[in-house]
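Shared between the two complexes below is chain A, which pairs with chain B and chain C, respectively.
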Partner chain A sequence: MEIVQILAFGILMGGVYALLSSGVTLIFGVLDVVNVAQGSFLVFSALLTWQIWDLTGIEPLLLIPVMGALMAFFGWIIYRGLVKRVVPQGPGMTVLLMFGVAIAMEGILNIAFGNKFKSVTPPYFTQSLQIGELVLPYPQLISGVMAAIVLVGLFFYLKLSWAGRALRASAQNKDGAALVGISSIKASSLAFAIGAMTAGVGGVLLIIMYPIYPATQYDWIAKLLGIIVLGGMGSIPGAVIASMILGISEAFAQAYIPQWSAAIFFGVILVVLLFRPEGLLGEKTREDVTT
Partner chain B sequence: MSALKRPANVVGAVLILLLFLYPLVGSDTRYFESVLIVCMLYAIMASGWNIISGLAGYVSLGHSVYLYIGMYTGAILGKMWGVPPMYLMVLGGVVAAAIAVVVGFITLRTRSHSFVIITIAVLLLFMTVAQNWKSLTGGTDGFIVKQPEWNKDNPTTPYYYTFLGLMVLTVALVAFIMRSRLGAGLVAIRNDEGKAASIGVNTTLYKVTAYALSAVPFGFAGAVYAQYLGFVTPTTALAILMSVFLVLAALVGGRGTLWGPVIGGFLVWGANEASTVLAGEFSARLLIMGVILILTVMFMPAGLLPTISRFVHRRKSQGSAVAFIDQASIAQTSDVAIDSIVARTGQSTDPAVPELEVKGIVKRFGGVTAVDGVSMTVERGSITGLIGPNGSGKTTLFNCMTGTFQPDEGAVILNGEDITRQKVWTRAHEGLGRTFQITRLFKSMTVLDNLVAPLEKTSVRELVAGRYSGEEVDRAREVLDFMGLAQFEGQEAAALSFGQQKLVELAQVLMLRPSIILLDEPASGINPTLIEKLASVIRRLNDAGTTVLIVEHNIPLVLSLCDRVHVLAEGQVLISGTPDEIRNDPQVIEAYLGPDHMLEVNDV
Partner chain C sequence: MSEAVLAMVDVQAGYGGGLVLQGLDLQIDKGTITCIVGPNGAGKSTVFRVISGLIKPKSGTVTFLGKDITGQSPSAVLRAGVAQVPQNRALFPEMTVHENVLLGGYAIRRDRALLKQRMAMVEEMVPLVRERAKEHAGNLSGGQRRMVEIGRALMLNPSLVLMDEPSLGLDPKSVAKVALLIREMAASGRTVLMVEQNVRLGMNLATHGVVMEQGKVRLTGDAAGIADNPEVATMYLGKARED
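And now, the complex of A and B:
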């Protein structure tokens, strides 16, 4: 029973990771940009949620669409204003740019919210759902389920809508997509906005589970980056699988050897990369035709 | 060229001299010494980072981990042995390099994006270990390090000079690497990694070596820094911030340059110190540094030194337009002794063994079988053609031969030896040279640099040898002369026309004295004069004993040059034969034009 309990925990958390990392991997797939600022986007959304909740006492889950839309807009601005201009200089420089964005945002958040833990505690914060012997705390349960819903929505959006097909086309071959009328700038803006949107939604989900302060962005970005490397850069299914691996291995580590949980995940990544440098579902591309 | 002729070297030398004199002539130097110590620390770290991220182009965001490794090595061993950590700085360097080799071997096989990420992960992983392995590291509290007798009054000057010494050594190390063939190879990797492998650069070895070397100055400095601070604690946020600072320092100064990271270290830490005085608080400094990083990336991506030198150059070169040489003049081949160009020693020349043979090659991409069981031979001393319609699998087969792809089934045999599992660069050393359909020269390097970048073999002696050690340069000039390209020696490769680039690429391949050259559509996209020129070069190389395999759509060229032609269609060999046989074969016409055209062709 204990195992089932731990598994359930791991899967719920894995769902949240999957939502967050799919945003990072989508941006990478379409733009070749590693958004190392996703952690600070996340913390930004979480702290803003806290602020609104603190002032109004509103049910935080109602803020999911608001924060999603807000962060999508924020991501769009960051792309149009900064990223677009640096993309031609190659992935090394865009990483440094996003690193700068992350650091600057942390500085601003520190000044605005103070360097203290903040948490949102709605009434169900301490309650749990009991199914037989299985105990699922509501914050984890709600977050996991909401993340899954948004992720499934995102998946169908990418699969079925014209914009989604355009994004996937652009991710595979920018020039080819441009030839059939898909503006790579528009596709990139959309990808960046969706990526930031996942951070917006994720921020709300996180702050009902964990206390957050600006420097926690490092913990989150480290996990998210680990996930997308493990899953294979640019692969959303890969990110989902890797998220589950992280969620479950963390849950087990938490239960038995709590202080080593982060180390175990990174250890797994290094071992996998030793055998599959391209990640679990990453693809080796045909270099000769893409250059 | 004298080292002092370059202005940046003069600036660097003056900086070091001033730093050396400051404690001797200044009064009440304690505060500024302590600021300058950190400046020098950042100069050391930024220079070390420059080896892997500036020269080889693999950006590391977690490099401060090696400073912490140096700090912990010094502090832990110092505690165990009762020695001040500073005396153990060599060990700090050794341990940092050893860990970097392991990390590098795992991470550098991934492509550049993953590498960036893994470097952050390694930093966080190390910090987690340091925070939790309490018996060894003292956990999150860290521990106080052993201090020597002379440290009682907390002097700064001994540390000041130690860091100055380390900084000079680091600059010397970077200068040495930049002048060595290792450095040339790293720049080649930054320009085009796949191409570098194809001309014999063992890219994995190069990258891991560069990564390990880049960790060494961190390890040294770490042991000294631990003692200077008096304690070690694993504070993740500080370690990350340190990585930001050192990356920023290298970027601001100019990554890939010798002195840029040093100057950058002083500028960035100086700015940080100033903003501490002005803005005070930690958060404000974060914000300021973040904004500086964003601005640098957006408006001065090359860094300060390159930006200044470009500005100076532009002013100097006004009026002296680059001389463009007309195509006709390269069309003449000089009469350099061809034998010295192609001579290859230590290889069997048994005519019964084919130069290159493939057996039953199958290569699938997802559901598409691009090459479906191809067997063919390239006879020694022949010019063999490989033709076929688009999508018939020519380039894929080519890539299986050169090692860019591993075939799913089948074997590639070079000169009687199975090379199916060999790396691209090993094949290059074994005598298999290739050119690319779309040229892949190292665009930012000169023509001469492009030619000396290939390595005949991989050995320590070869790696540390000077980039322009006499023999290579002589040979490069000889090859350029042979190709009629001598006048382009000092030009940047990007300045040449596409056709000229194709000739340079062929010259580059000749540097390795290949026994067989694989030419991927040599005639596509170049003008008829150059095609003539190319054909004559190919014939001369072949007369001197070099085997040639050509993939080409220019059928007249192939039929006029080749002794034997293989025709591929839909991933299989359709027919092999002499040019005459191929010309008149109805199957070939059908393969190219489709069955519907058969009637028309026959009608004519």
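And now, the complex of A and C:
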């Protein structure tokens, strides 16, 4: 039973990782930009959620659509105002730019919210759902399920809507997309907005589970980058599988060797990449099909 | 007098400071298959880039169906009715054949009925689109990909189809299928303008030929005349013409 319990924990956490990393890998797929500021986006959303909850006492889950929309708009502005101008300089420069954005945001968040842990503690914060011997704390359960719902919605949006098709087309073959009349600027803006939206939703889910302060962004961006590299850069299914593997391995590590849990998380990535450098679902060379 | 689909008058265009097209005049008539040949660097691909709006000419005009399209954006040119089948593989490898062709109708995506009608038309012209609808484009052979690319270009029911090296990298059987499709396109009233390195194949397929040299049109005429032109035969067809 203990194993089932740990597995359930791992899957729930994996769901949250999957949502957050999908946003990063989507942006990379469409723009070739590694959004190293996703951790800051996440923390920004989390701290803003805390602020609204602290002032109004609102049920934090109601803020999921609000923070999702707000961060999507924020991401759109960051793309239009900054990233678009730097993209022609190449991927190296965009990483530097986004790193700058991350540090600047961390500084601003420090001033605005202080360098202290903040927690949102709704009534169900300490309660659990018990199914037989299986005990699922509500914060983890709700976060995992919500992340899965948003992720499934995102999947169908990308699969069935014209905007989603345009995004996938841009990610798979930019010249081909231009040829059928897909504007790369519009596709890139949308990818950035969706990526930031996942951070917006994720921020609400995280602050229900963990205390957050501005520098928490480093822990998260390290994990998210690890996940998208393990999954294969640009592959959303890859990011989901990698998230599950890492969520579950981390849960087992936390249960049996908690002091090693971070090492296990990154150790798994290291071992897989030794045998599959392109990541789980990454492609060795895209040139064979796109040039 | 035949009806001109495309007219380029005194077009000068290039990259950076240099001029590749140096006063190009070209007229393409409706329903024809015109093949442009010429040595490397003659400006064949640049002609396509100017028509499709990827390069803005420094001077001169491009008229399509009587409208001036000089310097318009690629998507505006596409909507006006000029589709392109490029030399490079341009499909979306992880999408199905159906999705690839559907995306060819991106510009008309809001008109569902029209989209459905066009898909049916493409499926009839290129049966492979229906037969392999659910297969990922990345799993197709080179010839099959080219057919799907042509199918995708047809989704906007273009009046003019630009084809860059349609036979490049294909086996003879696939080349024959592509050639048949090009003829069908012309028979259905579309105009085809292609660039082909394989001069013999190009002229066999085309109704008209254009020989380019140093950014200008050196020679135009019906394809048979161009192929039989002794100068062209020596330049491009080599000894094989003597067979």
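Please note the rule applied: the second predicted complex is superposed on the first by the 285 of 291 C-alpha atoms of A that agree within 3 Å, B and C clash if a C-alpha of one lies under 4 Å from a C-alpha of the other, contacts with A are read in each partner's own complex, and residues count from 1 in each chain.
FYI, a contact is a pair of C-beta atoms (placed from the backbone, for glycine too) under 8 Å apart; a residue touches a chain by one contact, two chains touch by 3 or more.
The shown structure was predicted, so the numbers you read here are calculated from the model rather than taken from an experiment.
Undergrad: Between chain B and chain C, positioned on chain A by superposition, is the outcome a clash or a fit?
TA: Chain B and chain C clash in the superposed model.
Undergrad: Thinking of the overlay built on chain A, is A:277 touched by chain B (first), by chain C (second), by both, or by neither?
TA: It touches chain B, and chain C stays clear.
Undergrad: For A:69 in the superposed arrangement: first (chain B), second (chain C), both or neither?
TA: In the superposition, A:69 touches no partner, neither chain B nor chain C.
Undergrad: Just to be sure I read the superposition right, which of the two partners does A:104 touch: chain B = first, chain C = second, or both, or neither?
TA: In the superposition, A:104 touches chain B alone.
Undergrad: Scan A:255 for contacts with chain B and chain C and give back first, second, both or neither.
TA: Touch status of A:255: no partner.
Undergrad: Looking only at chain A, is it chain B or chain C that touches more of its residues?
TA: Counting residues of chain A touched by each partner, the higher count goes to B.
Undergrad: For A:176, using the defined touch cut-off, is the partner it touches chain B, chain C, both, or neither? Pick first, second, both or neither.
TA: In the superposed model, A:176 contacts chain C only, not chain B.
Undergrad: Could you look at A:168 and tell me whether it touches chain B, chain C, both or neither (first, second, both, neither)?
TA: The second partner, chain C, only.
Undergrad: Which residues of chain A are in contact with chain B in one complex and with chain C in the other?
TA: In chain A, positions 286, 289, 291 sit in both the chain B and chain C interfaces.
Undergrad: Using the touch rule from the top, collect the residues of chain A that touch chain C in their complex.
TA: Per the stated touch rule, the residues are 162, 165-166, 168-169, 172-173, 175-183, 286, 289-291.
Undergrad: Within their complex, state which residues of chain A touch chain B.
TA: It is residues 28, 32, 34, 36, 82, 85-86, 89, 91-93, 95-97, 99-108, 110-111, 115, 215, 218, 221-222, 225-226, 228-229, 233, 259-260, 262-263, 266-267, 269-270, 273-274, 277-279, 286-289, 291 of chain A that touch chain B.
Undergrad: Hey, which residues of chain B end up touching chain A in the complex?
TA: The contact residues of chain B facing chain A are 53, 57, 59, 61, 106-107, 109-114, 116-118, 120-122, 124-125, 128-129, 131-132, 194, 236-237, 240-241, 244, 247, 251, 281-294, 296-298, 301, 365, 395, 399, 404, 436-438, 440.
Undergrad: With touch defined as at the start, can you tell me which chain C residues reach chain A in the complex?
TA: Interface residues on chain C, with respect to chain A: 74-75, 78-79, 84, 86, 88-95, 99, 102-104, 106-107, 109, 138, 152.
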